[in-house]
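Quick heads-up: structures coming right below.
Below, chain A partners chain B and then partners chain C, in two separate complexes.
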Partner chain A sequence: MASIHLQNIVKRYGAFTGVQHMSLDIQDEEFLVLLGPSGCGKTTTMRMIAGLETPTEGNIVIGGEVVNEIDARDRDVAMVFQGYALYPNMSIYENIRFPLRMRGVPAAEHDRRIRQAADMVELGSFLDRKPGALSGGQRQRVALARALVNEPRVLLLDEPLGALDLKLREAMQDELKALQQRLGITFVFVTHDQHEALSMADSLAVFNEGRIAQIGTPEDIYARPRTRFVADFVGSSNVLPPDVTRALGGPAHWASLRPESLRLTFGGPVTGTVTALRYLGAGSRVSVQIAGAELAAFVPAGQPLPEPGASVGLGFDMAALHVMEGA
Partner chain B sequence: MTTAAILPERGPGDRLTAIFWRHPRLLLVLLLSPPLIWLGLVYLGSLAALLLQSFYSIDEFSGVVKEEFTLKTYAELFRAQNLDIILRTVLMAGAVTLGCAVIAFPIAYFAARFARGRWKALFYLGVMLPLWSSYLVKVYAWKLILAKEGILTWAAEHTGTSIILDGVLALPGIGGNSLSTSPIGTFLVFVYVWLPYMILPMQAALERVPVSLLEASADLGAGRAQTFRSVILPLALPGVVAGSIFTFSLTLGDYIIPQIIGTSARFIGLAVYQFQGTAGNLPLAAAFAVVPIAIMLVYLAIAKRMGAFDAL
Partner chain C sequence: MASVRKTRGESLLLRYIVLGSWAAVCLLPILWFLTVGFRPRTEIITPQPIYWPNWSLDAWYLLTSDWPIAQYLRNSVLAVAGSVVIDLILAIPAAYALSRYEFKGREDIGFYILSTRMMAPAIVAVPIFFLFRNMGLLDTVWALMLIYAAINLSLVTWIIRSYMLDIPKELEDAARTDGAGDLTILREIIVPACLPGIITAAVIAAIFAINEFLFTLLIASTSKAYTMSVALANFTGGSDGVIYNAIALVSFLAFVPILILVILIQKHLSRGLTMGAVKG
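Moving on, here comes the complex of A and B:
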C-alpha cells in the first residue's frame, strides 16, 4: 500500500541543481538506504518525500497518489530528524504525545498509545523527564517513538545515528532493523556511513552529485559496483584503470578489485614492491606497487607480513576482478 | 648543547601574567570587584535606602519626615485618589505591553526567520535608529503629529476619514478633545517609544528556535496555527516575557510622556516626581516607587508559573 515512486524528479535552488532527473521506486515494507557523500542530494530527496521540500519538476507518488501538492502534515509519512528535533520545553511524554494531539486522536487513547510507543523503543522510565536530561541514545529513542506513535506507513530517518558513539550505533542499527521487520512499514534511511548502509539495507541506493549512481541489494553493489565512484565509496576498493586491468589478465576496461580478494604470494605472474603497511586490528592493509599502480591487499591477522620494500606476488581469482560497465 | 625549555621573561607584564596564571582566582576577584561594588553598594544600597524611606512618614503639620518605622505611608497608597493613579498606570502599562507585543511579533518573526545579510542589517538599523535620537525630541514630535492641528487630523480631513478619528476620540474613558490630549495618544506614544525593547529580545528568542523543530511539527501533523501555538509561542515566550518586562516596567515608571501627551491625570512616575519635589513628601514618593517593584515581582511570578522560563 505504501510504495513510493519518484518520477523524474528535479530540484533546483536558484542556479544550483540539487537533484537531477531522478527516478526511484521504493517497495512497500522495504528498508531502503540512501547512501552518499554530503551534498549528493540524498537528504533533499528524503525531504521531498516528507513534503518539507517541493520538487521543481517531476512527481512524487505515495501509495498510488501524486502528493506533490500535499502538505507535509497530510502525508502519512513520519520523519526522524538528524538532530532529533525534540521540543525542549516539553517532557518526553508530551513530546511523544505531540503528533496525537495535532492529528486529533481522541484523548482517551493517548496514554495507551504513548506507552506502547515508548515500550517499543524501550523508553519506559524516562517519560517525565525533559529532553535536556537525556543522553543522545535516549533522545534518539524518543524521536523514534514520537515518529512511530501515529503508526505511519513510511518512516524517514535522516542520519539518525550520526551523533552516537560506535557501540551504541551498532546496537541501534540492530534494533532499528528488528523494529522495521516487526512493524512491517517502509523505512527510508539516509546515511553517509557505508558500513551502516551495507549492514541495514534491503535495498541500497548510492547517490552522487544529485543522481543515483547505482541501486540494488548491498551484496550486489559491493560485489558488482557499476562505476568507479560506487566502487570507491562503498567499501574500500582497488579501482583499476584499463591498462592495469589488462596487465592483470582482464579486458582493457576499468575494473574493481577488493583488497580482501588479493592474496600475497611468493612470486607468480604479478609481482610488485611493498610500499606501506597499515595495521587495522582485524588484519593489515599492505600497499603493493605494481605496473604503475598501487594496489591494497588485506592480510588477516596472524598471517605473516612482508617488510616494506620487499618483493611480493599478488594472487586472486579472476572472478573477483569486477569489470565495470561505466567509467 | 642544551636549550632552555622556558623562554626568558620579557619584563613586568610577563611577571604579572604569571601571577594571574598561578592564581586564577585573583584575576577573577580583580575583574569582578568593581562591578560588584557598584551593583551591591551603589545600586542595591540606594534601593535599600529607598525601601527604608518608604517606611517613614511625614508629619502633617510641620512637613518634616519622622524617622520612625510605620506602615502609615503605605496605607496612604490605598486612598481613592492614589489607588486611581496606580490602577491607571498598571492598565496603561498592560495595554502598552500588549500593543508592543502584537506589533513586535511579526517584525521579530520576519527578522529571525527570513531576513538575511543586507535585510538583517536594515532590520537592526530600522529598530535601533529611533533609539539614537533624544527621547524628548521624539515625544514632542509626536505631540505635533497628534495635535488637533497636526498631520493626522489634516490627513483624516483630506481622506474623508475624519469620522473614524472623531469616533475614536468620542470613545468614553480613552477619548478626548484631540489625540494629543487623550489617553489613546499617551498609549500610542508609549508603544512607539518602547517598541524596540520588545522587538529585540523577541527576535533573539525566535532566532534560537531551530527550523527543524518547525519542520518536525509540520511532519507530525500540526497546521500552521497549531505550530504557532504549540511550538513557536512556548519557545519564544522567554523573549516575549523579557520584552514585556522592559515595556511594562518602563511604562510603569515613566513620568515625561504622560506629562506632555494625554490628559492631566497622573501616573505613578509623575506622582513620585511631584511627591518628592514640590510636595516634599519623600516617604510617600518612596512608597509609590515601591509599587512598580512589587508589581514586577508579581508579574514575574505569574510568568514563571506559566512556564515562560522553561525553555531557557
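Moving on, here comes the complex of A and C:
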C-alpha cells in the first residue's frame, strides 16, 4: 500500500532520450494505466518504478521514501511481465514460492500462502505442473499469483494481457480490476490498447514521445482530449483542423468530434458525400467528405445506411464538439 | 481404419530401416576397430583378405601384463573429469558476465577469450613445461587437469555464453523484482535454463581433453601421469614395430568413458545441440 511520485524524471540512453522531464503522482490504491504507442516511454517508466532501470535525472518516491538508490530486489514492488517470465525449470508451486524464499518468509508459511495466491487466481489444480504444460491464460495467472504472493505495496503490469485472445483478455480485465479493488494494492498497468485502458483505469496517463500528453480519468480523456495526439490515440476520434471546426460552427481551433456524436440527417446544417462504409458489428462506420476533410460517423446497427457517393447531412450537439487547448 | 494402421506401420518400418542403416554406418568402424583388437597381429597386417578371422586375446594380455593400462585409464578419466569441473566452475560465471553485464570492451574480451583457441599449442609448449616444473607439478594428474582445463576454457565459455544470450532478459528481471540477487539468479534461474548448453559444452570439452596428446606428453613422464592418448604412442614404434591390435584395443578403451558419459546424458545432449539452431 503506497503512493508513488515521479519527480521530473529523465531517462537517456546515449543520445536518445526515452523519458523527458516526467512528473507523475500515483495515489495509494489507485489503478493507473499508462497508455501510448510503442516506444513512447511507458515501459521504461514502469521499469524505473520497479528498479530495473535507473533514472538519469529526477527522483522516484515510493511510500514517502526516495528509492533511486534502492535495488529492485529491496523495493517491495512486484511486476508481471509481458512474456510472463515464468521460471521454466520450476513447477508452478516452485514458481510462486520463489519470491517467498527470496524475501526470507519463514518456510512454515510458504504452503499456506502459495495455496492462497493460487486460489485467488483459480490455479489450485495446476500447482505441480511445469509452465510449459499450461496455456497462455494459465501462465498469466501463475505470473499474477507469483507477483501477489508476497503482498507487495505496488504491482506493476507490463502489457500483461497482450498475448491472450480477445475473450480471455476481457475476462482477465474484469478479474484484474476486481482483484485490485479487493486487495487495495496500487496497480500500474501498461498497455497500448485504448479499449483496455479506458475500461480498467481509475486514472489514465497517455504517453507520447517520452512525455505525458494528458492524465485524468478515462471519461475526461475520452471526452476532452487536450491534444490531437490524445484525441487520435484514445478511441477513433475525428480530429478537425481549425478551418473545418469553423465550417461546423465552432471557433477556428483544432477540435475533436467522436464518430458516435455524429448523426446522419437529410439536409442538415452541413452536408457532404459518403466516401466509404465499414461494417463493425455493433454498427457501421460511415466516412463523409465535408469541407475538405473526411469525418467518420458511427451509425448503430438497425438504422438505415446511405450508399457510397450519396449526399448526406451531418448533425451533432455543439457540446460534443470539443475544442482542444493544445495543437 | 486398417489401412490407416497399415500405412503407419509401413512408415514406421521405413523409419527403422533408414535409422538402422545410418546407425550401422556410424557404428561399423568402431566395431571393426574392436575386432581388430581381438585378432592376432600377423593376421591384421597380411595383404590377403581374410573372411573368417581367428580370434585372439594377444593384445589384451599384452596390455594387461606388460602395461598398467588400468592406471592409464584412471589417469585419463580423472584428468578429464577434473578439467571439465574446473572449466564449468570458471566458465559459467564468466559466460554470465559476458552475456549480461554492460562494461567497456565486453565484445573485445569475449573475442580475446576465443582467440586463445586460435594459437598453435606448440607455441606455449616450452613455457608451460617450465611453468609446471617450477610449480613442481610435472608428471602429475593435477597438472593434466589444469592443462586440459586451460585448453578448453575459452571454448566452454563461448558455448555457454551463446546459450545464455538466448535466455530472455525478462526472466532475470522477474527474479530481481522477486527479490533475488545476482548469484541466486545465476544459480537458480540461468544455470537450469541453459543446462543443455552447459552439458553440451562439458561433453565437447571432455572429448577434446581425452584426445589431448602434445601437452600430456610434455607433462607426463611415467605411468603416474600417462593417459590413454600417450599410451597409444607406446605401440606405434620401437623395436616391435606398430602393434595394431593393441592400438585398436587401447583406442576402444579410451572411447568407453566418453561413450558412457554420452549415454548417461543423451537426452540433454540432443536438446542442447539443436536448441541454438531452432531458436536461430
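The criterion applied here is as follows: the second predicted complex is superposed on the first by the 326 of 327 C-alpha atoms of A that agree within 3 Å, B and C clash if a C-alpha of one lies under 4 Å from a C-alpha of the other, contacts with A are read in each partner's own complex, and residues count from 1 in each chain.
Basically, a residue touches a chain if its C-beta (ideal position, glycine included) is under 8 Å from a C-beta of that chain, and two chains touch if they have at least 3 such contacts.
Remember, it's a predicted structure, so these values are computed and weren't measured experimentally.
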item: When chain B and chain C are modelled together on chain A, clash or fit; value: clash
item: Partner chain(s) touched by A:Ser236 [first = chain B, second = chain C, both, neither]; value: neither
item: Contacts of A:Gln20 with chain B and chain C, given as first, second, both or neither; value: neither
item: First (chain B), second (chain C), both or neither touched by A:Asn59; value: neither
item: Contacts of A:Gln138 with chain B and chain C, given as first, second, both or neither; value: neither
item: Partner chain(s) touched by A:Ser3 [first = chain B, second = chain C, both, neither]; value: neither
item: Superposition clash, chain B versus chain C, among 1-9, 19-27 or 199-207; value: 199-207
item: Common interface residues of chain A - those touching chain B in one complex and chain C in the other; value: 50-52, 71-73, 77-79, 81-83, 85, 87-89, 98-99, 102-103, 146, 150
item: Chain B residues within the chain A interface of the complex; value: 210, 212-213, 215-223, 226, 230-231, 234-235, 307, 310-311
item: Residues of chain A that touch chain C when the two form their complex; value: 47, 50-52, 71-75, 77-79, 81-83, 85-90, 98-99, 102-103, 146, 150
item: Contacting residues of chain C [partner chain A, same complex]; value: 168, 170-171, 173-181, 184, 188-189, 192-193, 195
item: Chain B partner contacts - residues on chain A that touch it in the complex; value: 50-52, 71-73, 77-79, 81-83, 85, 87-89, 98-99, 101-103, 146-147, 150
